[in-house]
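First the structure, then my questions, so here it is.
For reference, chains read A, B and C in written order, and residue numbers begin at 1 within each chain.
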Amino acid sequence: MASNCEVEPGAAPESALVTTDSYENFQQMSSSLEEIKNSNFTSSTQDEFLDNCNNIDSDLHVNCSTVSVSSQDEDYIRDEEWLGKSKHIFVLSSAGKPIYSRYGNEDRFASYFGIMQALVSFVQADDDSIRSMHAGDTKFVFLFREPLILVAVSKTEECTSQLTAQLNYVFNQIASMLTLSRLVKIYEQRRNYDLRRLLTGVERLIDHLLDFSEQEPAFTLGAVQCLPLTSSVRDAISSAIVQSCSKIKNLVFGILLANNQLITLVRMKKYCIHPHDLHLIFNLVQASESLKTAEIWTPLCLPRFDASGFLYGHVSYLAEDCQACLLLLTVERDAFFSLSEAKQRIVERLRRGNCLEAINESLNTKEETCVDIGFPELRHYLYKCKSTAQFHQPSMGAPYTINCKRLLDLYRRAHYRLHCPTRPLKLLFERTSEDALLAWDTRGFELYAILEPLTDTGNAIATVGRLLNWIKKREDKLFQLNAPTF
Amino acid sequence: MTTEDSMDDDVFEALEDNPHLKVGEDTHQLKNTPSPTGYRDYKPPAEVLKLCESDTIEDSNQTVHKTILLGDSGVGKTSLLVKFDTGKFQPGNFSATVGIGFTNKVVTVDNSRVKLQIWDTAGQERFRSVTHAYYRDAHALLLLYDVTNKTSYDNIRAWLGEIREYAQDDVVIMLIGNKSDCGPDRIVRREDGERLAREYNVAFMETSAKSGLNVELAFMAIARELKLRQSGQKDSNKFSVQDYVREETQKTPCPPCST
Amino acid sequence: MATRKKVLLKVIILGDSGVGKTSLMNQYVNKKFSNQYKATIGADFLTKEVIVDDRIVTMQIWDTAGQERFQSLGVAFYRGADCCVLVFDVTAPNTFKSLDSWRDEFLIQASPREPENFPFVLLGNKVDLEPRAISSKRAQQWCQSKNGIPYFETSAKEALNVEQAFQSIARNALTQQNQTVDLYNEFPDQIKLTNTTNRNSNGDSCAC
């Protein structure tokens, strides 16, 4: 089943994004982080691990029969709505101090946090680390990343590694606000520290990140989507940024995004940005209405880039008539004014080059569905070009306009099957009465296609082949194919 | 209360219609003018150009008066500034400021123009290292608390401590009790704010970014004070922010509750 | 500035078995606004909301449950404690003699940054019983020698002084919380770009 394309669509000789497999070791961060000891995350595979979990159970009786509960916690324990949430996320310090709860006020789960810390500590005492527990349809997934403990309690279909990935995002979100080095040092100084005082307002970002990561295939794929623009427009935008910033030293990244899609990314030579860091940036922009009120100057740590320090970001929307958000990230603390002037120059150039209109036009154009582009048997797809860590998807068509959760579940499951550490598949074709799914992992790309349920293998493959050609023809519009530098 | 909108409009109209305004020739200055707010920036180039040019009239050495908004997270610093800058109130739960925000605003005091460079800071502790860097150059500080939030009031002393540590000794300070439209939710009495202000010898007023009460006045009083100081006319006998505020404050502590 | 969140205070209660640690906790906690989790993983804890200086805090009191296994949990359980409560039995001299080793054990395991300033509270329990072996004066002398640890004589059985003792414990624990960390001067956060070539050069883009 070879596609006709010589090079996979979207591939480019250079990428501004660090390329990823989504299930790479999440513990691995930038060099400055390596000094930080991580927990003994053994490399036991998922399946082995699940077996192990059942054994842990016998050792680890939290004797609930003697739990007598009263007072404030009772509200939640009896609260159907709270109990009915499909996924809880908790963050606590390694001393067991509450930091975050996705639902309900974390103040009120003192006992739960105590138990979570006890469980983690108990396993840790044997130089081991607890990864998950399984009780009926509920998974308890633990992530211990010094100095924090993160816990997911989930009834969703996501597997342990996907939940762990989500917890890692939460951790990185926290690190991005403080830097990891600071986070570690704070607890070195004060083990009993109440971190919440430094995270005022970050709860919102975490809330948003969790929702965002559950709705966005970008997170599953470890990639970003580009705003469709002709390559001449995209190049003009990139060069407007490059030219306007030519005299500014130590500018590391220039990022222009709109509507959760990347318009362009300009970088300092030799430096790339990791898609996970970019996701945190997207999250920050989307969750912060206040960015629209003024030019903002803010410290921001990109944990995958360098978890030990802050970049400083000049963040602003281009213009009232063009709601694209520009971030200029530097290592200089005091570069606000020079970046502010650079931004002015960028906007002037973009306006003169009619780029603002082009961006608006793309933003206002409803993306095509599969039917629109001439693939009636195809319902939806995700195409990820690995070398550039970018992906493309069409607009949701029927029947997923109503139930896009099902679609995302299908993708997550298929993604797991292709990346499962024990037995990763290269090609997967599944049919149910509702839909057919073809997932294909090659060296250059990943493709997930959802087709009509009656599609047979041959037709599915033929469709996918045609689709690849279709994407290839439009690659310069759908992807950023170069990696411009300052 | 009905005057609030017209008050806000005054600034803009004064700008446009001020007979003293001439188109300057120093267009070069445009490049060096730090960007005003995102919103201002949104105007078409020609207009932007005109605005910026007119900024440079009168005296090319016109100083920029740096003003910082301070106070706990959630007291309404951004709302106050947005109301002053655009006349609009952002309803609902507005997201917290990230880092510091930057806005340029030109106001007219006694027929001459005063340029305020206003820094809106995030109240959160973790941004303190960034915001401290801007204290030193500040000419004026608007220190806010929320009259419905006792903690934000209690923290004013700590804020004043930081100000003493990081800001210039002669910085103009104005204490502001915001959200005065709150009606029965009020926890901090007006007298409490007045007492605290007296204790530290700073000006005081209550404002409402929602209704617009005293918003204009707060910034105008600062602008007036800064202008007088700059022109060397500053003589404590002639003008004091405290007195000015006292005279001009709209004493409407309890506006009609709108539901 | 300060958080309006409810602070969680982690309190560790230590002392020989039989001195009445569990009874003290139960006496204190098992009124309204209390709850108890009993875990067989080596330690029990109870939580209770208390008001200290107009501030509501949650006190979480960890007990060894008299189990030897607790020793193996060491560091993790002591970690991040806000206050350590030492308990002895005023009628049993040996329980008083062990206080030093309990205190040392705590300081080793928890290794607080400033051991000499870490808040301890000493409780002499069972004052309702006779004959008394450790005088109040002797206990106080010991406290004095340890940098002025507050001392309370209690009877869990008769609810004597228990409330007051735990109030003091909570207040002492809170002093730890109120200290701030100097975030700005101690932690440089500037990224140096020069030493960072080849950053992030890994990936699966390799086409070999």
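Basically, contacts are C-beta pairs under 8 Å (C-beta built on N, C-alpha and C of every residue); 3 or more make two chains touch, one makes a residue touch a chain.
In this text the structure is predicted, and so the values were computed from the model without any measurement.
Closest to the middle of the protein, by Cα centroid, lies chain A.
By the count of C-beta pairs in contact, the leading chain pair is A-C. Chain geometry summary: the mean Cα position of subunit A and that of subunit B are 38 Å apart.
With centres set at the average Cα position, the gap from subunit B to subunit C is 47 Å. Taken residue by residue, subunit C touches two or more other chains at 2, 183, 189, whereas all remaining positions touch fewer. Multi-chain contact residues of subunit A, defined as those touching 2 or more other chains: 197-198, 200, 299, 333. In subunit B, the residues touching two or more other chains are 125-126, 129.
By the touch criterion given at the top, residues 177-178, 197-201, 204, 284, 287-299, 313, 315-317, 319-321, 333-334, 336-337, 340-341, 343-345, 347-348, 351 of subunit A touch subunit B in their complex.
Interface of subunit B with subunit A (complex): residues 31-32, 34-35, 37-39, 41-43, 45, 73, 78, 81-82, 90, 94-103, 120, 122-127, 129-130, 133.
Of all the residues in subunit C, the ones that touch subunit A in their complex are 2-3, 5-8, 10, 32-43, 45, 47, 49, 58, 60, 62, 72-74, 76-77, 79-82, 110, 112-113, 176-177, 179, 181, 183, 186-193, 196-205, 207. Residue ranges on subunit A touching subunit C, taken from their complex, read 15, 18-21, 30-31, 60-63, 66-74, 93-98, 106-107, 110-111, 113-115, 117-122, 124-125, 179, 181-182, 185-186, 189-194, 196-198, 200, 250, 252, 268, 270-274, 299, 301, 304-306, 308-311, 331, 333, 386-387, 443-444.
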